[in-house]
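Below, chain A partners chain B and then partners chain C, in two separate complexes.
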Partner chain A sequence: MTRTFKHVVLALIVFIWVLPFVALVTTSVRSETASKTSGFWTAFTPTELGHRFSTHDKGKTEPFVTMSGNIFERLNQGRDSFEIEGTVNSILFKGRVPDPDKPDKTKLIRQLINAGEPMDVRGGEFVFHPSGDFTWTFPEATAPKPKNLDTFINQNPVFGPDAYIEVLFENKNVPNALISSFIVTIPATIIPITIAAFAAYAFAWMRFPGRDWLFVIVVSLMVVPTQLAFLPVLQGFSGIASWATSLNAWMTDCEATKTCQVASKSFASLWVTHTAFGLPLAIYLLRNYIVGLPKELLESARIDGASHLQIFTRLIIPLSVPALASFSIFQFLWVWNDLIVALYIGPANSADLVFPIRLQKQLGTFKDQLHLLNASAVISIIVPVIVFLSMQRYFIRGLLAGSVKGG
Partner chain B sequence: MAQVALRGVNKSFGNIDVIRNVDLQIDDGEFVVFVGPSGCGKSTLLRLIAGLEQLTSGEILIADRPIMDLPPSKRGIAMVFQSYALYPHMTVFNNMAFSLDLQGVSKADIHQRVEAAAKILQMEHLLDRRPAALSGGQRQRVAIGRAIVRNPDVFLFDEPLSNLDAALRHDTRVEISKLHNQLGATTIYVTHDQVEAMTLADKIVVLKDGEVMQVGAPMELFNFPANEFVAGFLGSPKMNFFEGILTAGAGSDTGQFEGEGLSASGVRLVARDKGNGASVKLGIRPQHLTPDPHGPLKGTATLVENLGTETVVELVTESQVSFRLASPESLDIATGQTVRFSIDSAKAHLF
Partner chain C sequence: MGLYKPTIAGNGLAIALTVIFVLPITAIFAYAVTTPLDSAMVQLGHWLHESREWSFPVLQTQERFAKIGFAIRSIIIAVGISFLYFWLTNWLNQGLARRSSKGSWGKESYIIESIQPWIFVGPALVLLIFFLFIPAFSTLSLSFQEADGTRTIRNYAFLWDPSSLGYEQFRYAMRNSIMWLVLVPTVCISLGLLIAVLADSVRWGIVAKTLIFIPMAISFVGAAVIWRNIFAGGGIEPQQAINGLTPSYQIGLLKALLGHTAAYNEPLYSLKFWGNFFLMWILVWVQTGFAMVIFSAALRGVPEDTIEAAKIDGANPFQMFFRIKLPQIYSTVVVVWTTLVILVLKMFDIPYALSANDDDKLLLATMMENARNNWSVGGDNVENLFAAIAVMLMVTVLPNMIFNARRLRREQKELGH
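Take a look at the complex of A and B:
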């Protein structure tokens, strides 16, 4: 009983958690019309939709007695994706027929004709099947004008990668954003984790005066929110930038080409900011992991003649892989998804915008094109998912097995 | 020649003195065992020699060379840890080669020395494995191999057998003993197990609360304990103690004891500073009590343990002093029965 209950609750949580992602992915592979006209949950079952088709192309005037064709063929003419498939339910017939009340007049009627039922179109008998095949038979060879008919088609679900192709290849915004995001994220992950690993080892295993106090200070820095520090950080960067500009002017002949200005908001400022604000947590996590490594291992290495640096590179780093991997994922995700720091401190020119900013801008430009918006969103999600899955294999349990008793 | 000398060694952690004024001379090639109850400072003393802890005061010399300011790797020692402390991400070969690699020994030399050490320990077939794929005994052997490879002047063992099961412990003990004979290096071995101490040592150092209680050959300590602590610590079951009065012989080699219904003369007097009439304790090993219907010592059996090779009987005197009898024969004593004993004065001690 309680077990079933747990499973239900668990399933519910998973469902709620996964639903938005499913919605994103589904919408991104639907056609523009479909994504605009119906919710993503209707995408998996046949839906009845109306389509207008014309019996034949204009100018086709060869007289005939019986014309046969296929409604789907007609509809899919000129379409290269999201082709319509399914069953034809009915046709809404609109036309003039002789008025029974007034013998020499006609009247306009609207009538829903089901598949298989004959109807009178321009004096011929028009019959269609659910498969879309139709025949149009006249008593004698005739060359009628094309007739537009409105069909109701029970349409099969159809998906296609068109939105992705459009977003990725039709203009450079998303590819640029992807590249920029990588340029920001990779160094902003590697730099702090490298510094933090060294610091964590020192905090865990080296004796120096004030070590514990220093560690407390570093850890307490975790409570400083990035947002609070925007102003001073920006001031700092603009100070550095103006200094670099003057240096540039003095050292090079940039004044001739007017290229002396060094941007204060750049990829480098993002690296520095993310490193600075990522370090306290990184040091804290890694130090707690490294301090838990068996003391005897390090002592043994000391007796074997290893220096601190050798202990660090040859013991600590290989043994800390799980901790390093988990922090890398944290930092990667945080930097990859970061909007506000990039907005304030990152480069502002359109080609260098990172993915979250690009997405935010698309909210304006693509607000009517949900499929494109969602395709971009999925692309931005896919990257961290790949990173996570590829890091997965480093979460090795029992890495210390065999080193010490009980380990 | 790698003799080790400790002179006035002190170590304190904060206000707590862990090692107090230890003086010790260890000869070249000697197998010395530090033994004592937990918290007596024996491991700390070993770590001081290894250089893993810094002295508070005093001197340590290895091969007549002061080593206090040298890092562990330069002291000519190798240490085997209780927990093996193998590098889990390296193969057995790399574990053993680690120190040589750090010293910059050539690849060919490393191979030769590791294989030589592996051969001594008969574990050539394990070289490619990782520690996780080894049994406890094999891991301990790798740890010993890692020490051998360094070709140290002094081997340090920190309770190397306490993580092994009883059968393996015995085998490994024998192996360590053989290894010592084979290599002939000075060895310092820490244990809390008096059996290991008695069987392995050329010289035992008994420690209590950071002080050396007695130093000597195993049988010397067993037969002539310098104080009550050593007498009680070595030997199994523990020595029996009876309180009483020193009636004669103060200041001499032997004394006379009265107490607990016992009257013994010519007993080895350890506490020479005590005067006649002072209260003393008579110590006698459970093995040295003889059942005797007319003996002076009377006790009621509370527990009889038949160990097969030995029978141990827990008894209590009329004044509720408990003591033990150990006999190689199986005795016909039931719980609750009152038995009389006589003691062999020549094997008793007065503390």
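Take a look at the complex of A and C:
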């Protein structure tokens, strides 16, 4: 009994954890109308949705006695995705009918007509079936104007990749955000690893005055909230930017084209800031790993006359691959997912926004186009999830060692 | 060996100056030289656009390819410069030492050995000093300044003066922080322990753990979008706006379960006071995987003989967990707890992404952002107020930081270094 209980509890938790992903992906493959009028859980079963169709094309003027057609054919005309299928429940008839109280007058009515019931449309008898087939019969040949009818359809589930195509190819923000995120993330992962590996080696195997307390200070910087550093760092960057602007004006002929201004918040400032903020953890992780490497190996290399740089590049780097991998995944995910540093330090022009900021903006701009919002979110999380799943083991190792990092 | 100090200092200075001049100039030069790559990429984009007959404007393709070109050369230059640094300094160090030692091999290697460590730790130390160490202190100093630079404690007036800017907000932020601090780590740790125990005892545990762990890889903003589908109502107001006829349903799953009609559109996380708990849940969803993985590893490390002994003494599963296993992984629980506390105190992304920035949902980090954007009414010392709140944030993190530092020192001692 307890065994079943265990399975049930765990299954329930997993269900709660996975459900939001189902919501995310489902919403992203639905049509705009469907995603904003019905919940994602209705996407898998026939759901009653409203549509409007016109009985025939404008400009069709040959008189007829009986016209037959199909509601679904009319609805799907000119539609190349999310084709509507299902059964027609009813039609909401809106029109004028003779008023029983006042013999010469008509009155406007709204009435729900079920399948099979006849209704009076422009003087003809309009009958439709759940399959969508309809007939429109007049007492004599006439050429009526097309009539728009609102119909309620028990619509079958339909999915399509339209939202992805739209955000990736028709909306320029998402591709830009994707490129920007890569521009930020790749150097902001490689540079701190390079710098930290050298520093970690020095802290682990080289002798210099103040080594131990320097290491303690470096590691304790790990928990300093990044917010504390934003203002001065930003001021520093605007100082450099104004200096670069005047250098630019002096060296090039940018004044003619008014392009001298060097932005203080740029990709470069993000790289440097992310590097600095990532260093304490990186040094801590790598140093603890490098210290654990066999001492004899290094000493014999020293005796053979190898310089520190040779030992570092030929011995330490190949031996530290697991530690390097776990930190790089950690840093990659950290930078890719970062919002606050990019918001304060990163480039502010629309084309260069990184994905989390773009997504945050889309929560506002796409609040009426949930299919696009969700598709964009899927694209933004697919990169870290792939990285994470393919290198899960290293990531967990880094997590176990670096569980102290706060910011 | 003190004799060599002037030489070492001289060589070190020479290396530092060379680096300071050579690296930026090389970077600027490399950028200038590689500019044609951008136009080559534009050409490539143009060609691809024409040959594949892409439907969107050709200008967009060109813009995007120019950006990719810029990205590629930036990445190569940025990474190249950091490698160049190590190569250049090492070369300089050896060359200078050879020159200044005039053939004395012992002196040469001594000089090299003395400068080498600083070459290795130099970039890290410089970055940390300029980006974390000095900024932390200058923020502190900023927080005690007026906009014109005179000393004041006015920026902290929100601590005691009810009429000052941010008094209410600060109280709300503190109240919410305390709620977050109590609830989020508690729920994460309890759930994490529960899942770790359950998953280790069923065969599909590894699948369960991976699924629960995936949210760790996602950004908080992504998590906010994901949970929006559950907590928020429809996108259009009123719900039945399409052609005036589309029947409308509640689109937030939890709202539907709570019986909210489609017309009731307010997201659950925007509710007064109660909204806090929905925001907290999103963080719990992301972070439980972290607690779970760490506990799972720790539980596997519990010595087998203690478990055997307890079994022989007839302990039931609950006693086994609470009396035998939990006390032995207690220190791990503390580590996870401190990590989560720091994370919660600095929480920014989730409330910010969902624009849950009304006063009753403020946290210190979102209060900082609000101050930066909306407090210009307080005169031109917005930055100083911002700094003051940042310092308050630091103060709240401080106890944890000290705790962590002591733990690290202990660990370092255990490692024998």
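For this structure, a couple of remarks:
One rule holds for everything that comes next: the second predicted complex is superposed on the first by the 265 of 407 C-alpha atoms of A that agree within 3 Å, B and C clash if a C-alpha of one lies under 4 Å from a C-alpha of the other, contacts with A are read in each partner's own complex, and residues count from 1 in each chain.
In the analysis below, a residue touches a chain if its C-beta (ideal position, glycine included) is under 8 Å from a C-beta of that chain, and two chains touch if they have at least 3 such contacts.
Every value quoted in this text rests on a predicted model; they were computed, and no experiment measured them.
Of the two partner chains placed around the shared chain by superposition, chain B is the only one that A:Leu319 touches, whereas chain C remains out of contact.
In the superposition on chain A, A:Ile381 makes contact with chain C only, not with chain B.
Look at A:Ala263: by the touch rule set out above, it reaches neither chain B nor chain C.
In the overlay built on the shared chain, the residue A:Leu297 is in contact with chain B alone; chain C does not reach it. After overlaying the two complexes on the shared chain, residue contacts for A:Ile240 are found with neither chain B nor chain C. By the touch criterion defined above, A:Leu231 reaches chain C but does not reach chain B.
The partner of chain A that touches more of its residues, comparing chain B with chain C, is C.
Using the contact criterion defined above for the overlaid structures, shared-chain residue A:Ala306 touches chain B, although it does not reach chain C.
Residue overlap on chain A between its contacts with chain B in one complex and with chain C in the other: 399-400, 403-407.
For chain A in complex with chain C, the touching residues are 2, 6-7, 9-10, 13-14, 17-21, 23-24, 27, 33, 35-42, 47-52, 92, 150, 152, 169-170, 172, 175-176, 179-180, 182-183, 186-187, 190-191, 194-196, 198-199, 201-203, 206-208, 211-212, 214, 216, 218-233, 236, 267-268, 271-273, 275-277, 279-280, 283, 288, 291, 307-309, 333, 336-340, 351, 355-356, 359-360, 363-364, 367-370, 373-374, 377, 380-381, 384-385, 387-389, 392, 396, 399-400, 403-407. Chain C meets chain A in the complex at residues 54-56, 60, 63-64, 67-68, 70-71, 74-75, 78-79, 82-83, 86, 90, 94, 112, 114, 116-121, 123-125, 127-128, 130-136, 138-139, 142, 191, 194-195, 198-199, 201-202, 205, 208, 210-222, 224-230, 234-236, 239-240, 242-243, 245-253, 256, 285, 288, 290, 293-294, 297, 317, 335-336, 338-339, 342-343, 345-346, 348-349, 352-355, 365, 368, 383, 386-387, 390-391, 393-394, 397, 400-401, 404-405, 407-409, 412, 415, 417. Taken together, the chain A residues at the contact with chain B in this complex read 294, 296-297, 299-306, 310, 314-315, 318-319, 398-407. Of all residues in chain B, those touching chain A in their complex are 50-52, 71-74, 77-79, 81-89, 98-99, 102-103, 130-134, 136, 139, 146, 150, 163.
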